[in-house]
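In the part that follows, the structures are each spelled out as structure tokens.
Shared between the two complexes below is subunit A, which has subunit B as its partner in the first and subunit C in the second.
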Partner chain A sequence: MLVLLLPMTLFLLLFFLLPAINLLGYSIQTQNAQGIIGAPLTLAHFAKFFTVDLYLRVLWNTLRISFWTCIYTALLAYPVAIAIVSARPTLSRVISLIVIAPLVVSVVVRAYGWQLILMAGPGGALNWLLLSIGVISEPLSLLYTPTAVVIGQVHVNLPMMVLPLAAAIGKIDPNLRDAARTLGAPWWEVFLRVTLPLSMPGLVAGVIIVFSLTAGAFVTPVVLGGPSALMLGNLIEQQIFTVFDWPFGAVISFILIFIVILLNTTLIRFVESRKFRRAQA
Partner chain B sequence: MSTKSAALRLEGLYKQYGKSAAVQDVSLSIEPGSMVALLGPSGCGKTTCLRMVAGLVEPTAGAIVLDGADITRVPVHKRNVGMLFQNYALFPQLTVAENVAFGLKMRRMAKAEIAKRIAKALQMVQLHSFSDRYPSQLSGGQQQRVALARALVIEPDLLLLDEPLGALDKGLRESMQVELRLLQRKLGITTIMVTHDQDEALTMADQVIVMRDGRIEQGGTPKVIYQKPNSQFVATFLGASNLFHCQMDAAGPNILRSGPFRFTVDGAVPLTANPVICLRPESISIAAASAMNAEGPNRASATIEQVIYRGPVMHYHMKLETGQPLVAYEQVRPLHGSRAIEVGDAVVAHWEPSSNHILPG
Partner chain C sequence: MSLNLDRFRQWFLAVFVGGVLIFVMAPLFVTLAMSFSDSYFVAFPPQGLTIRWYQQILTDRYFLSALALSGYLAFGSTICALLIGIPAAMALARGRFPGRTILQGIILSPLIFPELVAGLALMQVLSAAGMVDARLNLLIGYTLVAAPYVVRAVTTSLLLVDANLEDAARTLGANRFVTFWKVTLPQIAPGVAAGAVFAFMISFDNLPMALWLADSRYSPVPLMLMRQLNSVFDPSIPAMSTVIIILALSGALVVERLVGMRRAASLQP
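So, the complex of A and B:
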């Protein structure tokens, strides 16, 4: 059994773990005027991150955008996942295909697509639509805001939420929903008291994937967010490729990785907690 | 727990799925407080009927009338029915007490009242010491009792049982049948049960409704259904039957003939095209060929092919002179000593004219 895991383990060790440790090692080293990184060890880069307003704002932006992306993705994904589970097999396959279809188009292309839709002024497709049907009288300025990034990220991440949710909901015995209904539960109580709690493993899996991908997003904030919706990924790119401050880039990477791992372990621990597991059995 | 006994009437229920009809023209009147079993093979529409009464399936046509009120279009959650499922359908994330509380919470009942009713309901099914356990920590029988408490605690107008004991093993199933029936009688709650198990239907129900291909084949008390089936389907679905395809005999208006065998019936034979005689195995007696003449009506000479000891009953599988099989059951009476009927013996099977039940061909 372990032999089967050997190639992947070697690959990850060589091309992921070692470089990652190397990079994180930079975060506590000093870069001299010649650009050589080495002794003495220091925590000054970390101190810089937590004392400069701009960096904290970017951190806050990243958390906020990732959080709302998870919320909206889950809200959109639940009805779709329920439809996939309850539809006839053919229809269910068609829905799944439509959900997965956007994955064949590159994230970059999709981000530019959203740029056309969200563009400010009457030239943007969304503004044109809303203005012409009279929902708004002044064009909205959505592009280059955190909202635009959330919209782009929700689109990119929807399949990653729908698929684990559908798998989890599919495992719920349909009789449980019928039992709840005969006991007097209207559809929304059935959702809140049966479907939602019992699909928690799927929701947690979806949130872990969507939050991780969004927190580390790079393309969408560049194309749709602009300077006002800068995220940690953009900050890292600036430090490494523009400022050439590798130790500080490493600090930001460290913080990003730390947040993602912290969230993932907390959520996984919740799903595997004894009470929760017994309830699922 | 107090429940009022409601009268239920199904009027010409139809359920169409695409081009095929799952239920066709089912009409049924159920007395307040009685228990009705819908019996039939899988796919006969019995479960669809039950789910239409529950409100989980919407009828294509027809009406469901509860105590004179048409509830056909009333949504499930406003129907006030208690339902038991074959796999219990307990909420796995809730404790026993929380499961029982579910329906009461939906009715926005006060906390103190809920606690009181949970205690009473769990007392009723003898599970009061299990209230903090999770369903996965209970045995199948205990889970079904919790499901029963959960269904009855809301004081439903109707109790609907969907193969409620199908997942239990035989011994437990039989004791639960008796227990469920006693409780149902005590509460006087109008109950519909779906089952494919004829013993369960006969044991538990006041009325048995035999269904086939979406239609009611026959309805009546267990005794009527068993003793006076009106079709070959009912005769063979409930218990074993020996069937003989007959013609009228020239010798008299109350005599039927099937090959060399003659059957006499009390009164005149009803005019059916190809009458079939249905003979229950327990109404056939066996005598040694040396002790009885095989001539005459309601008699047949046969050879014993197999003798099966079933505890209280002996089963004799015989072959008639025409090659047809014949099955007879005989009560085992230990005090009378055992009869020495063995495989290969030549015997005479005989029965009373009143045992000849005529079915349409």
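So, the complex of A and C:
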């Protein structure tokens, strides 16, 4: 049996684990004028990241955009997941297909579609629509703002939130909702006191994926954010391709991985914690 | 009274979900609409109706070679991902050995690891090893991203198959390979197919890996499109995007027929 694991393990070791360790090792080494990386070991690159305003602003941008993306994705995903679980089979299948299918459409294409919609001036689709029905009299300029990045990321990540939520809500015993309703709870209270707490594992799974993917995003910040919404991924690309500063690129990579792993372990521990389990029971 | 409230809830849900579906489809439809616009700049609403942008891109060697490269890479990395992923999934689903869950975690970890960082790390190692063939490097990078999806899809299918059937085949004298080929594989075929199509589509649209591993001669579709966004402003971009959308959605329909998109795309078994 173990022989079967050999090709995959070897492949990951060679092309994933060792390269990752090697790259992270760069973050505490020194790059000389010839571009050769080695001794002496130093924490100066980390110090640089945490003392320069620009880098801290990019970190803050990344966290802020990822946070709001999670909030809005969850707000949009809950009703959709409830509809998928409770609608008639055909309707449910149509809704899930429409929501999930864009997952396989190129992120570049989807970000570009949002560029067309959010474009400043009367030529943007949203401005055109709002101007022609008279909701606004001056065109909005949404493109190249953090808001535009959040919109694009919500669109890209929505399926990643709907899927685990629908799975979790589908497992809730419908009798619990009926009982709450029979006892006189209004629908929003049924949601807050039955559906929300019992679907928490799905929500947490969704938040982990959406936050991780958004924190490491590259395409949407470039296409929709512009210079005002630079994120960590864009900073890494600049450091490697423009500045050729490998140790500093490694530092930013390290911080990105750290954020993702910290979020993963904290949230998974939260779902598995006894206090949370008791609250659910 | 309570009946009215229930009605209100139903209406609220229907309107909200309808709004979300419009939100989901809007960028795809706007792109589609713009691709037929008879103007030199992309601006809403589209002017006139023309298919000349399609005629232009379908004779554009740059676009066609990017499509061909992406197709080749997606096909190649799917095959590689299946070759290393199916055996690994067999071992993870059927094997009983210490450290199995940890190993499964490691094998699936590229799914949440920032792909941009994985690609950067890979580029460094490959260039240090003197590997300069961009196509081979892209193939390795894409396989790295696609393989965990195959492992996940196949492991999920294997857990639904009765392992006793395999034991019965072995007892009746079939060797491991025959057992896999004649008993296991036919039962997990939909899962394997879904994993394969998913791997193919993920590889077809891989930007984070391509960003690091491609060179000026070999640029896959998403990278080429991304570069075009900065230099081309006519509706040939929406036309290329529409071609990509149609290819992707056809793939999604295939997965839907095979096992259902919802199951194929779920991260949990």
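One rule holds for everything that comes next: the second predicted complex is superposed on the first by the 265 of 281 C-alpha atoms of A that agree within 3 Å, B and C clash if a C-alpha of one lies under 4 Å from a C-alpha of the other, contacts with A are read in each partner's own complex, and residues count from 1 in each chain.
In this section, contacts are C-beta pairs under 8 Å (C-beta built on N, C-alpha and C of every residue); 3 or more make two chains touch, one makes a residue touch a chain.
Bear in mind the structure is a predicted one, so any value in this text is a computation, not a measurement.
Asker: Let me test your reading of the model: by the given contact rule, A:Gly113 touches which partner, first (subunit B), second (subunit C), both or neither?
Answerer: In the superposed model, A:Gly113 contacts subunit C only, not subunit B.
Asker: State whether subunit B or subunit C is in contact with more residues of subunit A in the superposed arrangement.
Answerer: After superposing on chain A, more of subunit A is contacted by C.
Asker: Between subunit B (first) and subunit C (second), which does A:Thr220 come into contact with in this model arrangement: first, second, both, or neither?
Answerer: Neither partner.
Asker: After the superposition on A, what does A:Ser96 contact: first (subunit B), second (subunit C), both or neither?
Answerer: So A:Ser96 only meets subunit C here.
Asker: May I ask you to decide whether A:Asn264 touches subunit B, subunit C, both, or neither, giving the answer as first, second, both or neither?
Answerer: second
Asker: In the overlay, answer first, second, both or neither for which of subunit B and subunit C A:Thr69 touches.
Answerer: After superposing on A, A:Thr69 lies clear of both subunit B and subunit C.
Asker: Name the contact category of A:Val194: first (subunit B only), second (subunit C only), both, or neither.
Answerer: First partner only, subunit B.
Asker: Once the structures are superposed on A, label A:Pro186 by its partner contacts, choosing first (subunit B), second (subunit C), both or neither.
Answerer: both
Asker: Looking at the overlay, does A:Leu176 come into contact with subunit B only (first), subunit C only (second), both, or neither?
Answerer: Touch status of A:Leu176: first partner only.
Asker: Which residues form the common part of the subunit A surface touched by subunit B and by subunit C?
Answerer: On subunit A, the residues that contact subunit B in one structure and subunit C in the other are 181, 186.
Asker: Contact residues on subunit A for subunit B in the complex?
Answerer: Counting only subunit A, the residues touching subunit B are 173, 175-176, 178-186, 189, 193-194, 197-198, 276, 278-281.
Asker: Across the complex, what residues on subunit C touch subunit A?
Answerer: For this pair, the touching residues of subunit C are 2, 5-6, 9, 13-14, 16-17, 20-21, 23-28, 30-31, 34, 41-45, 83-85, 87-88, 90-92, 94-95, 97, 103, 106-107, 110, 112-118, 120-122, 124-125, 140-141, 143-144, 147, 151, 198, 201-202, 204-205, 207-208, 211-212, 221-222, 225-226, 229, 237-238, 241, 244-245, 248-249, 251-253, 256, 260-262, 265-268.
Asker: So in the complex, which bits of subunit A are touching subunit C?
Answerer: 1-2, 4-5, 7-9, 11-12, 15-20, 22-23, 76, 79-80, 82-84, 93, 95-110, 112-117, 119, 121-125, 127-128, 155, 158-160, 163-164, 166-167, 181, 186-187, 205, 208-209, 212, 215-216, 218-219, 222-223, 233, 236-237, 240, 246, 249, 253, 256-257, 260, 264
Asker: In the complex of these two chains, what residues of subunit B are touching subunit A?
Answerer: 54-56, 75-83, 85, 87, 89-94, 102-103, 106-107, 134, 136-137, 147, 150-151, 154, 160
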